Amino acid sequence: MLNQGDEARIERLPGEFRERRPAWQVLTSEKYIKWFLVIPLLVVLGVFAFYPLFYCLYMSFHEAILIRPPEFLGLDNYRKILHNRLFWNSVGRSASTVVVCVGIEITLGLGIALFLNREFRGQNIVRGLCLLPLMVSPLAMSLMWKYFLEPQFGIVNVMLSWIGFSQVAFLSESGVALYTIMFMEIWKWLPFSIFVFLAALRGLPKDAFEAARVDGASPWFTFKKLTLPMLKPFMMIVILLRVMWLIRLSDPLFGTTQGGAGTEVLDWYIYRIAFIRFDIGEGTTLALIALLMTIIIGAVLFRQLIKALGAAR
Amino acid sequence: MRRVIFWIGVAIILFVFIFPIAWIFVTSFKGRTDIMVPTRLLFVPTLENYVYEFWKMPLLKEMKNSAIVSVISTIFVMAVSLPAGYSFARFNTGEGHLLFFTLTTRMFPPVVAAIPFFFLFRDLGLLDTHLGLILLYLYFNMSFATFLLYGFFREIPEELEHAAMVDGYGRLSIFRKIIFPLIVPGAAITAVFCLIFAWNEFFFGYIFTRTVARTVSFGLISHWGSVVVQWGPMAVGVIFAILPTLIAGWFMQRFIVRGLSFGAIKG
Amino acid sequence: MKKSAVVALAVVMGALLVLTTGQVFSAQKAFNLDDIPEIENKTPLTLPLEAGGEEDTLIPFVKQFEEKTGIPVNTEVMLFAVMYGKENIELVGGTGAYDIVIVEASWTNEWAPYLFSLEELAEKYEPEGVEAVRRDLVYLDAGLRRMASTREGVIYGWPYECYTLMNMHRADVFEHPRERANFRRRYGYELAPAKIWDQLRDQAEFFTRKKGDKLKGEVLTHDLYGLALMAGRFPHVQDQIGAILWGMGGHWAKIVRDENGKPLGFRISEQDKTLLKATFETYVDLLQFASPGSLNAFWDFVMAQFSAGNIIIAPALYDSCYPWMSAWGPDVGPGARIGGAPTPMTQPYCGNFHFAVARDGKNPEGAYWLAKWMGSYEVHKAWIEAGFIPSRRDVVEEPMYRKPELHEKLGWIPTMLETWDYQYPFVNNYLHFNSAAFGKIYDFMTELCHDVARGALTPQEGVDEWVKTFTELQTKFGQLPVLK
């Protein structure tokens, strides 16, 4: 880092002044400034991240049900949860949601981005319209789709019946409902990956592609050897953020199945234990386990992202 | 021929993305019986749902609350995330660990975080207040904002700062005079995202407010009774819950698209 | 004047006299807004109301209360599915956010520590003391009164909304000669609203038909199903399954009392387990004749299926759906008419909501009078006329609501009264109204019943899961033990 010039300036300051520098100057000095700048963040983290974390750690070792004082249990809550079929089912559902949604969003998003990555008349309007689902609130989205997917008077089923399909109970068949939720999520978040990729594609260096074209490389070869590696950091960003948000999926369930028809994903299960059953002991334990799982996944992805960013530089 | 195929493709994409939003607009003008017959395109439009939402339900107040909370919380988020993002980008503060820790706050199930906060806010008298919700949204948005700004700050060439230092600028004046003007577009994008996320947030709004500070999302879910679902008013509620963000999205689209480049496009 | 005319006149006069004095008499006794004494404490009240349009009916009365007493009232509309969690955290947290809470009957035991009992309040605030509240409570149905009370019989709230499951069916189809003849030929007995669940199964099977088959001699343009059920992951699924279980004489868990009537604990007997398994089997069996979509359904779906002419029977549906469904008659098809009867075996869940006064509220006096006003004759009268189901017998039994021309709207009244009377002796022993952990058990039951319905658990697994988790939850959250 560049502190030599600065050090030199400090050296030049009169001795007396240097010894009694006001706190403000100490804080903004070259040595401390990087920490000074994160003070607000540290304060917020201290209150909002550590407080619930310690609360949860404490409660997870207790039988805490609010109506009487917590009672020490040791590791019982953890043992119980790790042996609970409902917990593992919900983890499984969350995992498949993440895999399916991220997989489709990445491939379809890249596909559409490549498709739209050209100059055409009205391109701004088309792109602007494509962006809109991203703006819709998850709850509003779920209520909207609940109305469209109503087996009886939902527009989707009416349209299906025009082309000769029979009614599908999108939000009630246990094999179907989870995919419907995934579909809703993808509908909302596909623009996110489309636009990340569109922006990335536009930022690609033109000369490399020109050279490849001159060398007579096939489009597929160019895509595989040039485009994909260059897009990797952006894929990692999409994957990291979407994985983290999808693990925390619960808003769309409020307006639709409320965890029914085999759609109880991890966060809904936690919601039920913590907020309907008010079993604070088990709820906080669940939260910690979920947090740990997310952190592990997040850390792996984050490392990949940093690596990809480094490679791309 | 290729052009035709291209436009068919565009039409399909637009249909999938836009039709649901357009359809809910149409639905909001339908009366009770028409709502049950979705294909009836020729219907007598009625404003009854709008009248109901604005005169009988506190929709206007809810929108005002959501707006207050979103805007102020976004200001707070920027105050926290701008310096932090800069620090992470320029000095690699905490060798990435602190940045990652900041990210993990979004990994904590909000449902469970809500319980200790509920008791804390009760003791501080922050339940059902705008301030309480603002603080929660600060917590909620801070991690993503910091991450996004970190990306933008990284794109600002360090050489600029070197040059400024040689000219005798201090760190703070560099931040103010050189970095800040360059980060404005990135900060604007981040702010738009924070606004949208805060406006769209449901769970905290629902747990931490009652009547005074209740938000649009909270109002939305109150159309689903144990004996009646009010589809019409719900459609109006949905429209006004998404309209501000749609408008923001439309007018800020250039910025948003740039924001989603995570710094890939210069300038 | 002819003698007969005199007699007729006398009879009419007499009848009028009886009616008017009866009216005057009951009006004198019935509590009214004017009976609220001056309230010193003017601290504003907060009153939660259930979402979905019902607040439209109640808010004018809240306004009247504000005018009369000068106490401002804030209303907060909330969704039923999240009401328990929201109210619970405010009550347990002691925030004093709500002066009055909406209590579902089965949460009464659990929340009793956070609420004032009505007699406690009456003693403080009624000019005539406890007697006054006892006198007014007489007008409520006795069963519903018990449900608003703890297992010790202490009443906590003024019931307002009631919901009773009943059997709704297409009367025109049930009366059609050809259908009747076919049914008799196939099953050997007359087609009539099912008295037992086996009959319902026969009927469901009988009416499940494919597109192109005939109904009432006319060719069907779509598939027809015998019935529709509310098997989604909503509280309603356990209301339906409970109706079968109780009808069979089974219990989720039975309260055990000593010779003085003091509750000792709960027990799930072997017989109860067998009956619960049979109940699950019955329900799953019925689902094969239910219109697809039942697995995510609650009442709105059943209503929509009925009005689309897709089903013939809604075997256990809330009576408040009746007016809607009968209004849709013309949409269903020519001559379509709705018929009502008690659910098979006449022991469905028949719960209600009551308004109770929270202990940590800032104005219990105002809250008491507001809750009482919400439970008054006038409010319930408006309630029934707005299409909801009141809890006061004097309102439901009003002769003016029995007029034939009101049948479309209020035809559910006789069925409901029959159900109320029949089930009254059993209510005291139902788990719902005795366990202090029921808010938690309720949610688990919903999940369990839904899982059994969708086949994620076999009936036997469902029973085992019930015994295991019930024991766990009751031991952890309830006050009474589970006995072996």
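For the reader, a short list of remarks on this structure follows.
Each chain gets a letter, A, B and C, in the order it is written, and its residues are counted from 1.
The rule is short, and it goes like this: a residue touches a chain if its C-beta (ideal position, glycine included) is under 8 Å from a C-beta of that chain, and two chains touch if they have at least 3 such contacts.
Computed from a predicted structure; not experimentally measured.
Put simply, the chain farthest from subunit A by mean CA position is C. Of the two interfaces, B-C and A-C, the higher number of touching C-beta pairs belongs to A-C. Here the spacing of subunit A and subunit B, counted between their Cα centres, is 14 Å. Inter-chain centre distance (subunit B to subunit C, centres taken as mean C-alpha positions): 41 Å.
With each centre defined as the average position of its C-alpha atoms, the distance from subunit A to subunit C rounds to 43 Å. Residue positions of subunit C with contacts to 2 or more other chains are 81-82, 89, 304.
Listed for subunit A are residues 152-153, 254, 275, each touching two or more other chains. Each of the following residues of subunit B touches two or more other chains: 36, 115, 221, 224. Those residues of subunit A that touch subunit C in the shared complex are 63, 65-67, 150-153, 166-167, 169, 171-174, 177, 254, 257-262, 272, 275-279. Taken in their complex, subunit B has these residues touching subunit A: 6, 9-10, 13-14, 16-18, 20-21, 23-24, 27, 35-39, 79-81, 83-84, 86-88, 90-91, 93-94, 96, 98, 100-117, 120, 135, 138-139, 142, 144, 146, 158, 161-162, 165-166, 168, 170-172, 196, 199-200, 202-203, 216-217, 220-221, 224, 231, 234-235, 237-238, 241-242, 245-246, 248-250, 253, 256-258, 260-262, 264-266. Taken in their complex, subunit C has these residues touching subunit B: 46, 50-54, 56, 74-82, 86, 89, 93-95, 97, 163, 299-300, 304, 307, 318, 320-321, 388. Within the complex formed with subunit A, the subunit C residues making contact are 81-82, 84-85, 88-89, 92, 113, 223, 232-234, 292-297, 301, 304-305, 308, 310, 440, 443-444, 447, 450, 454-456, 473, 476-477.
Those residues of subunit B that touch subunit C in the shared complex are 36, 56-57, 115, 118-119, 122, 127-128, 206-207, 210-211, 214, 221-230.
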